[in-house]
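Letters A, B, C and D name the chains as they come in the text, with residue numbers starting at 1 for each one.
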Amino acid sequence: MIKDTIKQAFLDLLPDPEPIIEEPVVEAAANDTAEDGKKKKAVKKEEPPRVNGVLECDHAAHGYDIDVQLEPGELLAAVMILDKNDFFLESITGVDWIKEKQLESVYDFSRYDFDQCRVVIRTRTPRDNPNIPTISKIYPGANWHERETHDFFGIKFEGHPHLIPLLLPEDADFHPLLKDFKP
Amino acid sequence: MDLTIFNAVIAVVIAIAFAAANAAYLVLAERRGAGRIQRRPGPNVNLFGLLQPPADGIKLMTKQLMIPGGADKALFMVAPVLAMAPAIMSFVTIPFSNTIVAHSMNVGVLMIFAFASFGGMAILLAGWGSRNKYGVMAAVRAVSQNISYEVPMLITVITIVMMTGTMNLHEIASLQSGGFWNWNIFPVSMSDGFMLQPLMPISFLIFFICSLAETNRAPFDLGEAESELVAGFHTEYGSMGFGLFFMGEYANIVIGASLITILFLGGWGCPFGLYPGVWWFLLKIYLLIFSFIWIRWTFPRTTIYGLLNLSWKILIPISLFNLLLTAGLLKVF
Amino acid sequence: MSGPIHIRSDETFTLNVGPQHPATHGVLRVKMEMDGEYIVKAETVLGYIHRMHELMGENRTYPQVLPNLSRLDYLGAMGYTHAHVLAIERAASIEVPERAEYIRVLMVELNRISSHLFWFGAFVMDLGGFTPLMYAIEDREHILDLMEAVTGSRLTYCYFRFGGLYNDVDDDFINATRAVIPRLRKSLKKYDALVTGNIIFRKRLEGIGPISAEMCRKYGATGPVARGAGLDFDVRKNEPYSVYSEFDFDIPVYHECDSLARYNVRMDEMEQSLRIIEQALDKLPEGPIMPKKKPKLIKPPKGDYYQAVETARGSFGIRIVSDGTKNAYRFKLRSPTYSNMSLFDEACEGMMIMDALAMMGSLDLVIPEIDR
Amino acid sequence: MGAYFSEIFLGLKSLAIGLGITFKEFFKPVVTVPYPFETIKMSERYRGHIELIEDEDGKPKCVACGMCQRACPSGCISLASKSVAYEVEVKGEMKTKKKKVLTKYDLNFTTCSLCGQCVESCGFGAVTFSKEYNLASFNKEDFHFDLLKRLEERNS
């Protein structure tokens, strides 16, 4: 199963042993939310921000199988693992976690295969200076996705060859999907 | 018949009138034909759409003539005239029947081809003069197309000229009178002695394809290729500039159809030798024009290299072979 | 801007294809660096019809976003709405009655055929043949009539609801659909003879516009583009959703990687969609079209949900990041043509403009869907 | 050499097949409708712009609850109401009750996306789709429909 191979590869990649200990707890929580969201929500008050690590998710509940959160510095190594295993890039997007003062960049990877495995890589960067290395050297298709994410969130992809607005007008200096964006 | 100034003026006026009327109503015919092929009626308001061409004409004439900034004004203005005038001049030598011919020339075929090469010139000037990149690309395409299709066309005509021994269109048509078995399209030609030329239908096909290409009709309409080059050489033309190109195109179609009729289909002769006259000629050319329309609305466009390949790799070798065969057969019979 | 144009033989010029150009089917712009008829370098410029659906998705409640999804891709709107309802149903754990699932599949497949028919016509028109477009539109019209009778709309259906459907289908619709199927089969044969066999058409597409499997992977191309490159990938089979696993259908795959392969994939897909429709009509169960208990206000629990579906253009994905309120915290639309189009810049280098535009047609672009 | 000639031959054959198809289509009847002279009937479920439904007295059924206004994704519905006191006989005695009466129901059709959420959200069956589709104007204001006025005009 490709899922196990990938999971192992990620566990090897991430040096911090902590996430492995953390994993079952968070996974259980994720499963519970999927099964019965409302009850769980009443119990849970404030969820702490997620720690970096590998999660195995239920495909039926979330639509993806492996959820990896890592430091921007580890991104390229992680993407290279996926590249070696014949993953294709589905999309890149961002999420603005304004309360935590962080911007998250989300990468979806999937495979042209019946051995279904969708991998989500997340990496967080501070909101006031969002910098993430580009993966467009590995996946040229990331070029547009990164430009789009830069348009909408202002995340700077270091080393991107052509980081100018794609969907927004050429002279746009605003980032509409930031939560503090006022049109 | 002497070509006096008076005669010439009358002939030219009639030719212009004929070309303009043809152009106007062929547009209608084309639109109606295209409509029928596509399961829709086409322009059908007011007398089956018969008022559509005058309305179009008035619209085109009343529009402002725009000259794009930076265009070469002289070339831009002269190109539509150059597209229209030679087409009309060609009518002078075309025999519509035994009697209806403005001026029967001994070098009629040559004259028509001389004028036909102006067509490429007009497109080149239009594309170049309008200072538009699409226009320039279309002009370059159209010129290479015109050159490469004139060659097989002329070789085919030489075959006919060798067989008939004359370049006078009137005589070529007269030689085919009597019945369809005398027509040049059929392998057995009997009017001036027995002559068997088995490749004549292929000659006809080559000539037909070449005249499609020479008149820039689909599937060879690379000069205006609307899905690639917007509108090609007449991208920047509006009002009567565009109108003249349009009329020139349809006049060229009429000339192409007339040439095919005269060279291959017996001119004004009836297929069974009955009542030869201008009506047979018109019937034949309009049937040919219908087939032009039919072809246009059936096929996709070729590519520029596909077009050149077709000419240089298929049409020219075959027509050359045909020429050699004819020469050989002429020696034998 | 005066004086004659000087073009040196080693000089390239910039050709601006679009934003208003007959070949781009919308407001797409490609800046092409041309060497005569050959493209040296191309750069696609997007955003002329960008409407920020993702922000609208965050500002509106989940049901209010439904009509937006139809506006993404006006030709295959059903599939996009399907992705949205599936994503919400996954997030909020809403059960869908079986009849509703079957009708959804029926509608999506009908829409897929109508989208492919229109693409077929527009593609042949790109190549200069106008008549097939009219035939295709006529056939499509029958499908649109069917769908209008059920959904009340011809393009932007907005027919699916969370948990079910807006309207039930009746016997008239089922009979009419059964009547349309043989008609479409006959038309497909006609197109085959009129277009697919045509020598001019084949000469223009065979071996032209190569997009290799590796290139598809690097750019994330999906749908008929990937299947035309020999990749056996269809979300309906690879990641079955709805009731697709209960149908018997094939995924057409061609290994030639050229424009003709992509054309063939779509033509074969129509046939497969007809098969699915036939089966769906046969199997259509009785029952309600909306679940008995459905939350009045849709508030998916906190979390991150992804749903991929196979639309007419490829794998369309919706990511919903919910914070437990009635609006999405993040609403991401992963549109298939966006990825498919992104490889155009690289693929068209060194091609002639007419071949490049033919290849662009074979990508099946719907610009509002790229720009979102 | 054989391939050369067979390609020419097959090519010509394919062209002839194509011509045959279009020739056959030429004689088939037209399928279009000459639109302004002839129109087709809209299907029963056709979603046009919305229209108020009247009750038996010719008054709008609408109780001005504002559900449609809230459901609308584009915010194109605006309605106003006023409270009207009316007397009703309850157990033999007259009582004064208050109810909301619709005074204004505007539809801004320029932003309407014809999604039908308003009709669906209405709990009183007071809104429906009109079958009107011949909507064209040079004037933007023509698309600010006063549905209450339209209802009155329909009744008169």
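Going forward, a contact is a pair of C-beta atoms (placed from the backbone, for glycine too) under 8 Å apart; a residue touches a chain by one contact, two chains touch by 3 or more.
Quick caveat: nothing in here was measured; it's all calculated off a predicted structure.
Think of the whole protein's Cα atoms as having one middle point; the chain whose own Cα middle lies nearest to it is C. Of the two interfaces, B-C and A-C, the higher number of touching C-beta pairs belongs to A-C. Rounded to whole angstrom, the centroid-to-centroid distance between subunit B and subunit C, based on C-alpha atoms, equals 43 Å.
Per-chain CA centroids place subunit A at a distance of 26 Å from subunit C.
Work out the mean CA point of subunit B and of subunit D, and you get 52 Å between them. Centroids built from CA atoms put subunit B at 65 Å from subunit A. For subunit B, the set of residues that touch two or more other chains comprises 37-40, 297-299.
Residue numbers of subunit C whose C-beta contacts span two or more other chains: 131, 135, 138, 194-195, 198, 200.
On the side of subunit D, the complex with subunit C involves touching residues 7, 10-12, 14-15, 17-18, 21-22, 25, 31, 43-47, 71-73, 113-117, 120, 129. Within the complex formed with subunit C, the subunit A residues making contact are 30, 33-38, 40-41, 47, 60-64, 67, 86-91, 93, 95-96, 106, 108, 110, 112-114, 116, 118, 120, 139-141, 143-144, 152, 165-169, 176-177. Across the complex, subunit D meets subunit B through its residues 8, 15, 18-19, 21-23, 25-32, 34.
Those residues of subunit C that touch subunit A in the complex are listed here as 46-47, 50, 52, 54-55, 58, 87, 90, 92-93, 213, 216-222, 226, 231-233, 237-239, 300-308, 315, 317, 319, 321, 324, 329-330, 332, 334, 338-339, 342-343, 346, 371-372. Residues of subunit B that touch subunit C in their complex: 34, 37-40, 69-70, 72, 128, 131, 133-134, 136-137, 140-141, 218-219, 221, 225-228, 230, 297-306.
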